[in-house]
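Each chain carries a letter (A, B, C and D) given by its place in the written order, and its residues are counted from 1.
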Amino acid sequence: MFRTPALVINFKTYLQATGKKGLELAKIAEKVAKDLGVEIIVAVQLADLRLIAENVEIPVYAQHIDPIKPGAHTGHVLPEAVKEAGASGTLLNHSEHRLRLDVLNEAIVRAKEVGLETLVCADTPATSAAVAALQPSAVAIEPPELIGTGIPVSKAKPEVVTNTVAKIRRIDEHIPILTGAGITAGDDVARALELGTQGVLVASAIVKAKDWEAKIRELAKPLVKKL
Amino acid sequence: MFRTPALVINFKTYLQATGKKGLELAKIAEKVAKDLGVEIIVAVQLADLRLIAENVEIPVYAQHIDPIKPGAHTGHVLPEAVKEAGASGTLLNHSEHRLRLDVLNEAIVRAKEVGLETLVCADTPATSAAVAALQPSAVAIEPPELIGTGIPVSKAKPEVVTNTVAKIRRIDEHIPILTGAGITAGDDVARALELGTQGVLVASAIVKAKDWEAKIRELAKPLVKKL
Amino acid sequence: MFRTPALVINFKTYLQATGKKGLELAKIAEKVAKDLGVEIIVAVQLADLRLIAENVEIPVYAQHIDPIKPGAHTGHVLPEAVKEAGASGTLLNHSEHRLRLDVLNEAIVRAKEVGLETLVCADTPATSAAVAALQPSAVAIEPPELIGTGIPVSKAKPEVVTNTVAKIRRIDEHIPILTGAGITAGDDVARALELGTQGVLVASAIVKAKDWEAKIRELAKPLVKKL
Amino acid sequence: MFRTPALVINFKTYLQATGKKGLELAKIAEKVAKDLGVEIIVAVQLADLRLIAENVEIPVYAQHIDPIKPGAHTGHVLPEAVKEAGASGTLLNHSEHRLRLDVLNEAIVRAKEVGLETLVCADTPATSAAVAALQPSAVAIEPPELIGTGIPVSKAKPEVVTNTVAKIRRIDEHIPILTGAGITAGDDVARALELGTQGVLVASAIVKAKDWEAKIRELAKPLVKKL
């Protein structure tokens, strides 16, 4: 069950969010989530997943899983291992880790089998609709050219978001849709909700912020009004 | 520093070696290593790396790292994160996770930068020589058609091992070479040493053994005589 | 414009259909197409594309294009080059050449830009629906486990075909759907049409047939009745 | 047999060198090769390979082959098809089409089986040495950061070239080595020869030149003195 509205924080492989610093960031996210009563999810590096999942009560996601079954798959990410380490879900198909269509579909199927939510990223309205046809837990629309720029898609290309919502809604009336790429301020989040999406996917704006708590609080606040 | 002779146990993504069971297996490997005074390395899943590295004193390896620098690399394996989680090295280019030549080279370079050993697999004498030219910590020759078969390369295709040793030694006189694929019994290990390699890389024969300790002891014993 | 019903013959990289033999096979396909007045498409190797396209009047497809623009892309397949060589379309995402979702989408977009039809393969009803959301010229459902087996999907797994048709029709009422995998006899083609698809995608049953003309005629005949 | 010194012209997927324009460029290369009596090789797009190979007498290379055997490999490049279309060799592992180490090795083996020369690119002295260990027909060192820049590696990073030569010569005394990346003027070619390499690999400097013949002649002339 993917609860909305949601703020998903992608730790990527930033050094500021690696290892014990990653745990620290996750704990601040947990604090804000409890204070405001909103859904905040952290998507963390695999090497840090267990450490973080054992120490916070908010949902912890992997950043990727492979659609493999237990066995001889050296160096790949077993869904069961991710689940046992404490994850409640996983990102899939992020612009920095795109997947083959068949692999993406199998990864969603495997995630359901082991009880992991799937938040699947897509780059255009067309691919977002394609993703929705695969019935993941949620879809995130992220025009890759805006990722990490600080130029929010919700302002720079609102039509990408509204076209995505329109296309997905013809295929699935209820699946949660998140807005990603360039989300930097509380305003961007409010705008994302107005455009018909149910939350945001954010990375550098939070991870690189000088005051993690203040930034998370700023981005989470617009979700409160929406509850 | 890759100490030899060595027994490297690859946990792959076997369920028998995932999560807490993986820790149990690693602890048995540690016990045998201490009892016999031989080098035993465990190569574990990323999600279990910290758990295992924090609880055993033998070297713990990742099964793969990506040659990335800290930053925007969602879903990839940051060498720094693997190091901080407690790994002392990594497998690379296993037959179940082959790498592009340039990526493999960069991964070796990055591993050195962060202080991780690299044990690089190869499928033929020619590719083993190519790998040696990249100067990793050690090379493992594993004909993929024998992996997981229980037919030891050291008996079925000894000329693959000796050709590999010959080709590598022309490029690097000292780099440790391991024999892998189908290693199942103590005899296979002894034969691998006789053929001029400095240890073995084993997965299913140990992970799927009914008595882990007995099997590890059997495979580690031939290394003692060699010390 | 993808005309239906259609018989698409995939030459793959069979030696029997390489080079001048490929041209011979294409000429026989052309003969049957004219005789029966049905749509037969040949999907040929890139190295043979121009030779075949210059010498037959039926549609000649590439087996793959890359979603690149003219420029520095050594070793990749430029849509413009394929078009100039005489192709009228391309297969995409065949089970032997699966694509990333974003790459598949871009390839469809690029194909439209240069005037190439796109016949996109998929392995399950879910991925077929996803493909339909990308609006290619046509979709082919091919369960990979049946490809090359001689066990026709239309008989062994008719529910895969009907589920695919149902899922796609909710997204696109008109897009042509082909049945592939294991199609060997005229009966299989008739059954594929009964199940609601508009043609078939065939490879080994034709390429490896002793009498090419007889086999193509057998598989093309059920399409005649459908006109 | 890879004749040296050599000028290899990579047509990439530039529109200026696609289809009939590609043939035109190849004919000019042939003219200069005959006039000066030097070895000029053209590496062309697959869709144009037969057209060009049938109409010029200089060696025509593919830009890539896959290490497959005849059979079910839709969309891949069969070495036999490339050979039958008239190629005498192939580029491999270009920076725009990097290969897995095992795949590269198999591609070299397959090329030898069908009688195709292999010119394998590499990005560093270390990977160049690794490539030499695989025993292709020739190696090209091309630091990717200089490709297409007009800044010749032979001037900007001569130590990359000399280190490459040193490392390769320890493994193979005779294999031809080419210098690539940023080669723009006759001087760059002369310098490449002085640094101990046996020719150059050039793309944009020729393909984008206003006067193809003049530019090819300029770059080929330093090879004459070397004969």
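Assume a contact is a pair of C-beta atoms (placed from the backbone, for glycine too) under 8 Å apart; a residue touches a chain by one contact, two chains touch by 3 or more.
A quick note: this is a predicted structure, and the numbers were derived from the prediction, not measured.
In the chain contact graph, what is the shortest path length, in steps, from subunit A to subunit D?
Tracing touching chains, the least step count from subunit A to subunit D comes to 2.
What chains, if any, are shared contacts of subunit B and subunit D?
Chains in contact with subunit B as well as subunit D: not a single one.
Which chain's mean C-alpha position is the greatest distance from subunit D's?
A
If you average the CA atoms of subunit A and of subunit C, how far apart do the two points sit, in angstrom?
37
Taking the mean of the C-alpha atoms as each chain's centre, how many Å separate subunit B from subunit C?
About 44 Å, centre to centre.
Quick one: which residues in subunit C touch 2 or more of the other chains?
95
Which label fits the chain touch graph of this model best, line, ring, star, complete or other?
ring
Identify every two-chain combination in which the chains touch.
Touch list across chains, by label: A-B, A-C, B-D, C-D.
Could you list, by residue number, the parts of subunit C that touch subunit A in their complex?
93, 95, 98-105, 122-124, 126-127, 129-135, 167, 170-171
Mind pulling up the subunit D residues that touch subunit C in the complex?
Touching subunit C from subunit D are residues 10, 12-15, 18-20, 43, 45-51, 62-64, 68, 70-78, 80-82, 84-85, 91, 94-97, 147-148, 203-204.
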